[in-house]
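Multiple structures are listed underneath, in C-alpha cells.
The following pair of complexes shares a single chain, chain A, combined with chain B in the former and chain C in the latter.
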Partner chain A sequence: MNPFSYLEALRLAAPETALAVAALAVLFADLGGMRGESLRHRAILGAGITAVGGAMALLWLGFAPGYGTIAEGVLVTSPLTQLVKAGLVLLTLLVAGLSLDPRFTGHVGEYFSLLLLGTIGMMVLVSTQDLLMLFLALELTSLPLYVLAGFNKRDRASAEAALKYFFFGSVAAAFLLFGFSLLYGVAGSTRLPVIAAAVALKPPDALTLVALVCVVMGFGFKVAAVPFHLWAPDAYEGAPTPAAAFIASGSKVASFAVFGIVLAQGLGPMAGGADWHGFTTGWLPLLAVVALASMLLGNLAAIAQRSVKRLLAYSAIAHAGYLLLGLMALATPANRPAALAAILYYAITYALSTVGAFGIVAVVERATGSDAADGFNGLARRSPALALCLMIFLLSLAGIPPLAGFLGKFYVFVAATRAGDGSLSLFWLVLVAIALSVVSLYYYLKLLKRAYVLPPDGAVPATRPDVMEFVVIGMTAAAVLGLGVFPRALLEPLALAIQQAGF
Partner chain B sequence: MTEQTQSYLFLAVLLGVAVAFPLVMLGLARLWATVYSPAKPGPAKAAPYECGLESTGDAWVQLRSGYYLYAIVFLIFDVEALFLLPFAVAFTSLPVGAFVAILVFLLLLVEGLVWAWQKGVLEWN
Partner chain C sequence: MEAVFFYLFAAATLLCGFLVIANPFSRNPVTSAMFLVLTIVSLAGLFVLLHAFFLAAVQVLVYAGAVMVLFLFVIMLLDLQAEERRSFKKLALAGGGLAVVVIALLAHAAVRESPLGTAAPPMVEGSPRALGKLLFTEYLLPFEILSVLLLVAMVGVILLSRKEAK
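Moving on to the complex of A and B:
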C-alpha cells in the first residue's frame, strides 16, 4: 500500500477545505468582533464570509479542479463530482443570501457555520466510493441539518421539527449502517466496485436482500420518499424558512446523487425487474413501490394543505417519487449516462425553484406573520414582481414548458421509458407519473389563483423583499427560465462530465 | 437449501434461549418471594432510607440539566487523549503530513473549547 499523501489529499479536498476554514472563520468573527452589534450586521458579516469561502471553493472547482483517487476510493474526484459540488456550493450561497434577516436566532455565527459544515458533508458525500466514508459524510450532512431545523429555540414548532427530523434520521441512519455492514459481510470490502463484483457472482440471497432493504430505507429517509417521509412536512413547516430551503435543496441533490452512485456502481448487478405483473427480485421492485407511493401520497396530500411550507413538503415528496423513477432507469447499463444526466438536471433545477419558492415564502411570512396560504391572497397587487417569480417557480415545479421543470420531467420520463433495453418495462410507472403531474398542477394553480385572482384580505402590510432576497429570488427565477429555454447550458457539461467519469 | 436453513435454525434456537433464560430467572425469583417473604408493608418499612434519620420532603427533586454541557466539553478532551496516545507512541516515525494533520485536529478541539468558554458554557449559575 502506498503511503498516504497528505498533500494529494489537500489538493483533492481543496474546495472542502476552503469551506471548512470559512466555517471556523465565521464562528470566530461572530464571537470575537461582533458582540453588541445588531443581528442584521452580524448576519451580513456571516453571509459575507460564507460568500468568500463559497467563492474560493467555486474558483477552485472551476479553474483548478484536481482529479484523482485517495486510499482506493475513500475520496474520488472526477469532472462529475466537481460539477455536482459546484452546484451544491451555489445552492448554499443562495440559501445564505436568504438568511440576512435572522430574526429566528441570536446565534448568527453558529448558523452560517453549520450551513457551511452541512455543505462540506454533502460535497464529501458525492465524491466517495467507500461505504464508511459515505456514512460519515451522511452524518456530517445530517447533524447540521437537525440543528438548523431547530434553530429557532423560542418556537415550539421549530423544536418539534428538529426532534422529529432527528428521531427519524437516527433510526434511518441505524438501518443504513446495518445494511452497509451486511454488504461488507457479503463482499469483504466497503468499496462499491468490489461490492458490485461480489453481488454479481450469485443470485440475491436472504443476506443481500436484507442489506438492500436497509440501504433503501436509509436513503429513502434522506430523500423523503413514502413511507419514510413523515418527518418532511413537520420539518419544513417548523424549521426557520432558510433552513427549510437548505434541507429541501442541497440535501436533496446530494442525496439523490449518492443514491444513484450506490445503486449504479455498488448494487448494479442485483437490479431485478419491475415490469408490470413481472417483478423479479432486486432493488427495482423496491424502488418501484416506493416511487409509486411517493408520487401518489405526495401529490394527493398536497391538495389538502393550508400551509404553503407543508404544501412544498408534500410536493417535495412527489418530486422524490419522480426522481426515484429516474434512479430506476440506472438499472440498464446502456441507459446509465442519459439517466444520470436526467436525474442531476432534474434535481438541480428542482432545488433552484425550491430555494426561490422558499425565499418568497420567507418574504410573505415576514409580512403576514405566518406561512398560511391565505397570506398569498392578492400577492400580485401587493408585489407584482414577487408574484411573477412565484408563478415561474410553481409552474416549473408542475412541469410546464418552457420552464426547467418540464424538461427535467421530460428527460427523466424518457430515461425511464428507455430502461430495460426497449422493453418498455417501466412504462406503467411513467404513465402514473404523468397522470399525477396533472394532479400536481391543481394545487400549484390553487396557490397561484390566490396570488393573482383573489383580492388581498383587509389591511395586509406591504410585502417587500430586502435587496439580497430579491437578488436570490430573481436569480433563481432567471435560472429556472434560462435552463428551461437553453437546457444545453447544463446538460452538455453534465453529459461530458458523466462520460469522463466513466459511467 | 437445507444447509442454509440449519445455519439459521441455530440463530432461532439462540433467540429462544435468550428469551427463556431471563423469564425463568424472574419467574423463580417471583416464586421465591411469594412463598418465603410475602410483602407486609408498614409506614416504617415503606419510608425511603436516609441513613437512619426521619425522611423529609419528596424524593422527586429536580436536578440541573446544565451538567450535560460539562460532559460534552469533557468528551472533547477524552477523544483528544484517545488520539494523542498513539500519536505520542509513533511520534518519531511519523511523516510531516501526519504531524500537521494532528496539529490541525488539536487546533479544532482547542477552538471548540474556546468557543464554549466564550459562549459562557463553563459558568455555573
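Moving on to the complex of A and C:
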C-alpha cells in the first residue's frame, strides 16, 4: 500500500473542509456575537457565512480541482464527482437564500451549520467507492435532515415530521448496514470494484439476494420510493418550508447519484432482467416493481392532496419512480454513460424546480398562514411574477417543453428504452411512465388553475417575496427555462466528466 | 476450546440482547439496562476471541462503563412507570413474530445455499498500535466524517431537547 499522504487527503477534501470550517464559523459567530441581535440580522450573517463557505468550495471545485484516490477508494474525486458536488453546493446556497426569514426558530446558527454539515455528507456520499465511508456519509446526510425537519419546536407537525422521518430513517439505515455487512461477507472487502468482481463469479445466490434487497430498501428510503415512502408526505408537510426544500433537493440528487454508483459499479454483474414476460433474478426486476409502484402511487395520491407541500411530496415520489427507470438503464454497460448523464440532468433540474416551488410555497405560506392549496387562489392577480414562476416550475415538473423537466424525462425514457442492447426490454415501463406523466399534468394544472383562473379568497394580505427569495425563485426559474432551451449547457459538461471518470 | 467460548459468548449475547427488549419476568427499565451491560460484556468476549484485546477493553470501559452509567442516570431521572404498566398489543406481537419467522427463514435459506467458508479465521491485529495506525492512515477520512457526524448529533440533541422560550 502506498504511504498515506495527509497533504493529498487535504487537497482532495478541500471543498468539504471549507464547508466544515464555515459550519463551525456560523455556529460560533451566532452563539458568540449575535445574542442580542434581531432574528433577521442573525439570519443575514448566517446566510452570509454560508455563502462565503459555499463560494470557497465552488471556487476550489472550479479552479483547482484535484483528481485522485485516497486509500484505495475511500475518497475518489474525478471531474464527475466535482461537477455533482458543485451542483450540491449550489442547491445548498439556494436553500440558504430562502432561509433569510426564519420565523420557525430562534436558533439561526444551528440551522445554517446543519445545512452546511448535511451538504458535506452529500458531497462525500457522491465521491466514495467504499461501503464504510458511504454508510457514514449517508448518516451524515440524514442526521441533519432529521433535525431540520423538527426545527420548528412550536409546531407539533414539525415534531411529528422529524420523529417519523427519524424512525423510518433509522430502520432503513439498519437494513442498509445489514446489506452492506452481507456484501462484505461475500466479497471480503468494502470496496465497490472488489464487490463487483466477487458477485460476478457466480449466479446470485440467496445470500447476495438478501444483501441486495437490504441495500435497495436502504436507498429506497433515501429517495422516497414506494413502499419506503411513508415518511415523505409528513416530513415535507411538517418541516419548515426551507428545510423541506433542502430535504427535497440536494439529498435527492446525492442519493440518486450514489444509488447509481453502487448499482453500476458494485452490483453491476447481478442486474438480472426485467422484460415484460421474462423477469430474471437481479436488481432490475426489484427496481422495476419499486419504480412502477412509485409512479402509480405518487401520481395517483397527489391528485387528492389539499396541502401543496404534500402534493410536492407525492410528486417527489412519482419523480423518484421515473428516476429509478433511469437507474435501470445503467444495467447495460454500453448504455451507462448516456443513462448516467440522463439521471444527473433529470435529478439536478428536478431539484432546481423543487427548490423554486418550495420558495413560492414559503412566500404564500407567510401571507396566508398555511400551505393549503386554497391559499394559491388568485395568485396571478396578487403577484403576477410569482404566478409566472410557479407556472414554470409546475409545468417543468409535469414535463412540458421547452422546460428542463421535459428534456429530463425525455433523456431518461430514451436511456431506459435503449437498455438491454436494443431489445426494448424496459419499454413496457416507459409506456407506463409516459401515461402517468399525463396523469400528473392534471394535478399540476389544478394548482395552476387556482393561481390563474380562480379569484382570490376575500382579503388575502399582499403576497410579496423578500429580495433574496425573489432572487432565488427568479434564478431557479431562469435556470429551469434556460436548461430546457439549452440543455447542452449542462449535458455537455456532464458527458465529458462521465467520459473522463471512465464510466 | 475457542469454539466452545465462541458459542458461549454468542449465546450469552443473543440471550441478553433478547432480555433487554423483551424480558418476560420484569418490565423494569433498569433490569433492561443491566442486561444491556451483560450483552456488551459478552460482545467484548467475542472481541477477545478475535485477538482484538484493545477493542475488548475499550468496549467494557466505554460502553459497559461510561455510556451505561449515563443510560441509568437518564432512566432513573425519567419517570417510566407508564412503560412498566403498558401491556403488549396482540397485533404488534403477531406482527413482530411474523417478521422474526420470515427473517429466520430467509437467513436459513441464505446460509444453506451459500455454505460458510472453511478458511481459518483471519488473524486480527488488535493491538492499540495497529488500530491507531489504521485510524490515522487508511481510515482517517471515515474517522473524520464520524467526528463531524458526532458534532451534528450533539448540535441536534441540544437544539431539540432544550425548552423553547415562548
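Just so we're on the same page, the second predicted complex is superposed on the first by the 503 of 503 C-alpha atoms of A that agree within 3 Å, B and C clash if a C-alpha of one lies under 4 Å from a C-alpha of the other, contacts with A are read in each partner's own complex, and residues count from 1 in each chain.
Convention: contacts are C-beta pairs under 8 Å (C-beta built on N, C-alpha and C of every residue); 3 or more make two chains touch, one makes a residue touch a chain.
Bear in mind that the values here come from a model prediction, so they are computed numbers and not experimental data.
When chain B and chain C are set side by side, the one touching more residues of chain A is C. After overlaying the two complexes on the shared chain, residue contacts for A:Glu139 are found with chain C alone; chain B is out of touch.
Of the two partner chains, chain C is the only one that A:Leu75 touches; chain B does not reach it. Using the contact criterion defined above for the overlaid structures, shared-chain residue A:Val147 touches chain C, although it does not reach chain B. In the superposition on chain A, contact is made by A:Leu27 with both chain B and chain C.
In the superposition on chain A, contact of A:Leu117 is made with chain C only, not with chain B. Of the two partner chains placed by superposition, only chain C is touched by A:Ala13; chain B is not.
Residue contacts after overlaying the shared chain place A:Met217 against neither chain B nor chain C. Counting contacts by the rule stated earlier, residues 4, 6, 27, 205-206 of chain A appear in both its interface with chain B and its interface with chain C.
In the complex of the two chains, the chain A residues touching chain B come out as 3-7, 24, 27-28, 31, 205-206. The part of chain C that touches chain A in the complex is made up of residues 106-107, 109-114, 136-142, 145-146, 148-149, 151-153, 155-156, 159-160, 164-166. Only residues 1, 4, 6, 9, 13, 20, 27, 70-72, 74-75, 106-107, 110, 113-114, 117-118, 120-121, 124, 130, 132-133, 136-137, 139-140, 143-144, 146-147, 150-151, 153-154, 162, 182, 186, 205-210 of chain A touch chain C when the two sit together in their complex.
Across the complex, chain B meets chain A through its residues 4, 8, 95, 97-98, 100-101, 108, 111, 115, 118-119.
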